[in-house]
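First chain written, first letter: the chains are A, B, C, D, E, F and G, and each begins at residue 1.
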């Protein structure tokens, strides 16, 4: 059952991930990216990340992708020419080849390091991945990174503000 | 880079908030109105031209179609101008009835204004409440003239007929409930922060600008100019009524709103006084050249028959010359300029339509406002396209 | 049937490689950006998988911070894209050589 | 196992059906209530008291011509209404609509009256609700009409702006409960306290978090595009709204999504602030429904009463008033929680 | 625990079926009589003048950007609220610091006019 | 409360950030409120911490808290750690308490300044750095904030950087400090190489075991550390920056002199007491340098005419006492003096600031006189401070100074004691001289300045009064000497160090106290005689010893000496290097390399397309390569 | 123009309010030449007095505009121009106001063919 659901979600994630990359129009890319993220959120549930999955939905799907869509619509970018247009063909070929090599390498690394890991993983505590656990960790062991986070967000806010307001002539 | 680029937007002529077939061409910078150019004429009916081919008494129904929300005021302007040219004075009762009915007309017109204005800004219930009150007044119209909207009740030299029995009680009943209802609407709007936010400081016009633009009626009074034809040049016996001229200060949408609300109260007051003054008596001048003799008389008096025949065959003629007579219509100064060549038909009739002049102030009012405010400002001008285009 | 760790990791690697392809081949800056998001998601998946299989919450917390970084990056990155677009009327990276001077 | 599954499916079916029915009849209720407020009659022709009106409306819409304007992006144009209605329906999955029941002894053991209870219930509702934005954005974009696009962008900007304050407004409650599970939140509101030893007041968070509730309610109005935040639908000045080009059943779906969202936010408000299903004497679902309908009535009442915001005022209100206020509420609650 | 999510999955499928079904149904049932006027975009009865897009862009972007940042903040607030009873004063201070920093940005944006719609 | 020690320094940090980012926008009132509020909050936090600390048994009054790991390179380990024990508790109280009052005072003093926000930004940073300095739990962190304090002082002294003298003074402070800091840094490095740790507790635990008491290493370490202290705390030979630091706004001077910067050196020496106790040579160096500085600076102060300079030299002199105390092993007394000094010195500065403010910028005491009638509050508080500084019973300075002198005598350091006693006499004399010339006698104020003469606003005088109360009374926490509440609190910190020093109570306490009081009274009497009863005496004395007077007036020509010995040779040498070496050799090679690179980059330029895509591609190649290495070869 | 300005600004006259501007085609009246009469209805808010000012011109002759004196004259004069064909000299925006831009003839002239069916105008250009 679990494997089945995983397979289904992985299939959705994989296919829509692929479509993100090959879609001609940015809006479709964005939509498939949302789908990918949704499928991943489902997989997160399988991984007992009970808090993270909903954060994935809220942050990625609910906020980040909305910003993407906004920008796409505001800029009103019509379809670019086919991604495999002639002048780019060489570079694309190289890039794809490289990626395949990368994938192979990753696969080998996985195979060499983690063969025979028990399926399903160890039994975890009942509160693994719950909001309580995340909160407790976040505000004890990870307090310092948490506070730094605020600085990152502050910088992002100010940076984006300045950029967006700037009028280049 | 981007903000200097302006965009042009068409509002109307088929737009729910332009109160008819008004078309505005807005030039926008972002959402701020830079320029506003009203285009009118979509409802041009040639009333002025048409009047030239009608006999005096026949022309009255045409005027109903001008400000179709206040037909009796239009009737009154024409009728008074003709009477002025003829130099007749009306009996007391006729004058009082005219005052009573035009004040009811004013209330009725303001009610429609209030309802649509509120609806434009999103308060939908007020609209329906206002129409409920308006229905009551329309019923009164129907009672006196048989018509609900285009009543054409006034005649040169008097009225079409005397009031029907029971009319006074009906008016009394209406006047009794009206103040409470009005207070209810005010409770919904006047202090409502949303309403104030949408209206205060919007569409402001200064006193001097208003005068230069020839604004009249509530729009002018909201700037603090106490000009009301009823008080400045009383007609139909207005000098004998006690009423106040409500004034505003800021000349913005909110002040125009307050002024109209107060005017409804004053109209209610005048109507009450008129009702008290209503004493039995004739409603027409005793001039057979103007008013057809009563039916029974025709069978007995030859003279009456001749008069009757003459009146209906060629009408009456007005001495050559010209007059201008203005009244205070709900929307402002409604003037009628009449040129007569001595024939039974007017040589030239021109109406100074208040909406026509008031609309001219719109560009000045909305420039610098947001697009969403344009609707509020139009609403506050209370224009009727029938009157603008004539 | 339980799912083995390798399955998650391979999915993650696959998505990551897809992101790489996208970044390297696309010319629309927005799509490139989305591909980067895809890569970040792939990494998150690995984090969570390891967290689950090592029975340690640290991975999950880390995903949190990755999301923060992603959010900040998107905010600033898209602001840059908008600025560029306003100047050049394009988001085609093949037509942008701002890094050269 | 089988019994669990069956019960689950039955619950899903009941909730889904009830939701559809409520959505349909909300339109009737709204028309009737507003008509009452506006001294009119409302629908009377179809069925007694116009009770069959929603069904007639539905049928009519179904048989209407399904216009797809030229030059639209067909796929997204078709997708958008679905994207707006699906989240609206699934958000209800975690809302508990009653205590446990044995259905008058029919069942062997008590069954809790909610479809599911997850650890992150509150967040689930918000997360799913935030997905509703896509329907609007995409509808606006795909219509290939500048009013639609602007309308869509405006609506979605409004939605996300108020989503923030909405999310913040409930943090106070969460501080007091310490759980995101909606069932826990309801249970935390059990009991009665005596004000000044005289006035019995239920332990609803409405009374300990009045500011939070007010903020939530404002945001709920804005989130569901209700008056006085109903610009997306009623802003006649400039933009006709994101669904200008939609007709027939697709239009109906936006409509249904709006009403379903309305019910969801009302149900969430009931759960978080009004003690959910809790209440004496009557069975728990009755209490729940009663409170939800009371809130819905408030929605309608507001619509009949208030004028509308202007767009800049609306955004300013959300960002400059509600957001700081919600943060302040959170801070005050937290400080109070530390001290007491 | 993961089983709790099964009903949600079922509900998603159900809702999707409903949505798809009703679209399909109306497509089958409704008449089809297209004509070019009917299919052209609505523009107040006039031909479109100019484009509506450009001047609005930055504000929408800013709103969405601020939304992301504050969304992140709220996302942190939830686990905080849940464990607050255990953190007590410490939690208050930790979150207070976090919020203060973000508030600084918020007021910066406010002062810079990022929250104005004009 | 103790678990959140970091609250204490974090408030000024927040104030700093806030004012730094938004100071220009939020208006002066808000800036001032935030700045003062943040320091006030940390004062409250400090008080809370003190309370918690007092509530614990004496042996448990030590809280250490590691906030975050910082550097962990190899076996080198340093943390962001805070340490609260009685010593640092006293220090944070002084820093935040006096600092708070100075902040409040500054609101009034700086009101007209256009750079108001910048000023408070620096002040908050200064306070923050100092708090971190005293709260640090290891030498590295100490060093970091040691530098930060130096930076702040540079910024603040040169606050009015449009003024050349101010900018120069800032630079001077920075450079002189650099010399000391260099020594300090060397000391810290030496400490680490010899002990392998920088945490105080670990250092002090390891030192006796790993270092030979009195040996070369520990002596070198302590002397280097002390070099740092002389820089920061303005001791011979590195004191020259401090008088010039008067160029900064008066509150800055007060902050530097009273609460923060200069005390850092004393604190550091006291903190390192266990190390110093192992190096008797260093101890006597400390004692002698301290004593010499005390007398030396006092003599200079005798003849200065700038009111702030007098106070500045008195600071140097008093710091000398503190080192003297440290040197003779009376650490507690030294810190006690540090504390009392903080109050009355802040008061002196703020008082003179108030005078300057009232006289529209006049600093020369020859152009003052008779001001008591116009500025009574300032005058009275100044008098209290002066007497406290002079060591008159029962004001604060008496108790602490007496204790140091007693410590010296009891420790058997006769010579040092004699220096101290001489200094005490001089101190009494110049302080009273300053007071009399400023506030008493005939007015010598310039007419137009006299016209605006006024008492300062309450926001300035209220801190004065508060400080006066403290300056008068704070000594009583140390009553009876050696056994007062203060000592019971602080003494345990130095318990470990004390074992080595021991106590040879050869002289009685009370007689010693009476003796030092007598010395001070003599000084007061002389001053009174000179400047009140016989105002012509000073001129006569000057006339008799013109050489001495001139030498003193020119501060022993030390600045000139430094110029001649250090600055000028360096300048000449640099010039020579520039001509003979720099131009032909360095420039030549640099240009050559440049040419080479130009040719090379022309070739590489083709790679540099400026297109993101190309960069991405090469980036990916790199990733693949690295990953390949890990996947296949490892 | 000077007269107008004087009428407005002189404190004893102070005709600051221009009520109305209209035209009369005197074709069928006695004294039919000059043919057109432009009538200005002035009002003084202060003294509550009306004044009627008339300018007579012949076919094709222009009347100086008073928009510089009373802003409100703008539309009134456009209307007179539209319906009578009397041009106004110096008018800022002299276009047809009520009739479509491409209308032929001036309807309020006495010789306007009322009975003839008008040429239907083109769809208004976008």
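To be clear about the criterion, contacts are C-beta pairs under 8 Å (C-beta built on N, C-alpha and C of every residue); 3 or more make two chains touch, one makes a residue touch a chain.
These numbers were taken from a predicted model, which means no experiment stands behind them.
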{"item": "Centroid-based (C-alpha) most distant chain relative to chain C", "value": "G"}
{"item": "Chain pair, E-F or A-D, that carries the greater number of C-beta contacts", "value": "A-D"}
{"item": "Most distant chain from chain A, judged by the mean position of its C-alpha atoms", "value": "G"}
{"item": "By mean Cα position, the chain sitting nearest the middle", "value": "E"}
{"item": "Chain C and chain E, separation of their C-alpha mean positions in angstrom", "value": "21"}
{"item": "Distance between chain centroids, defined by C-alpha means - chain F, chain G (Å)", "value": "89"}
{"item": "Approximate Å spacing (C-alpha centroids) for the pair chain A, chain B", "value": "66"}
{"item": "Centroid spacing, where centroids are CA-atom means, of chain B and chain E in whole angstrom", "value": "49"}
{"item": "Multi-partner residues of chain A (each touching 2 or more other chains)", "value": "46, 48, 50-51, 55, 58-59, 62-64, 66-67, 70-71, 74-75, 91, 94-95, 98-99, 102, 106, 131-132, 134, 138, 149, 153, 156-157, 160-161, 164, 168"}
{"item": "Sites on chain D at which at least two other chains make contact", "value": "118-119, 123-124, 149, 153, 160, 163, 179-180, 311-312"}
{"item": "Residues of chain B touching at least two other chains", "value": "1-3, 9, 11, 15, 31, 370"}
{"item": "Touch list for chain E against partner chain C, complex", "value": "57-58, 61, 65, 68-69, 71-72, 75"}
{"item": "Chain C partner contacts - residues on chain F that touch it in the complex", "value": "608-613, 615-617, 620, 623"}
{"item": "In the complex with chain A, residue positions of chain C that touch it", "value": "1-11, 13-22, 24-28, 30-31, 33-35, 37-38, 41, 44-45, 48-49, 51-53, 55, 57-58, 60-61, 63-65, 67-76, 78-83, 85-87, 91-92, 94"}
{"item": "Chain E residues touching chain A - in the complex, by the definition given at the top", "value": "1-2, 5, 53, 56-58, 60-62, 64-69, 71-73, 75-76, 78-80, 82-83, 86-87, 90-91, 94, 97-99, 101-102, 104-106, 108-109, 112-114"}
{"item": "Contact footprint of chain D on chain B as seen in their complex", "value": "9, 11, 15-17, 31, 118, 120-125, 128-129, 132, 188-189, 192, 194-195, 197-198, 370-375"}
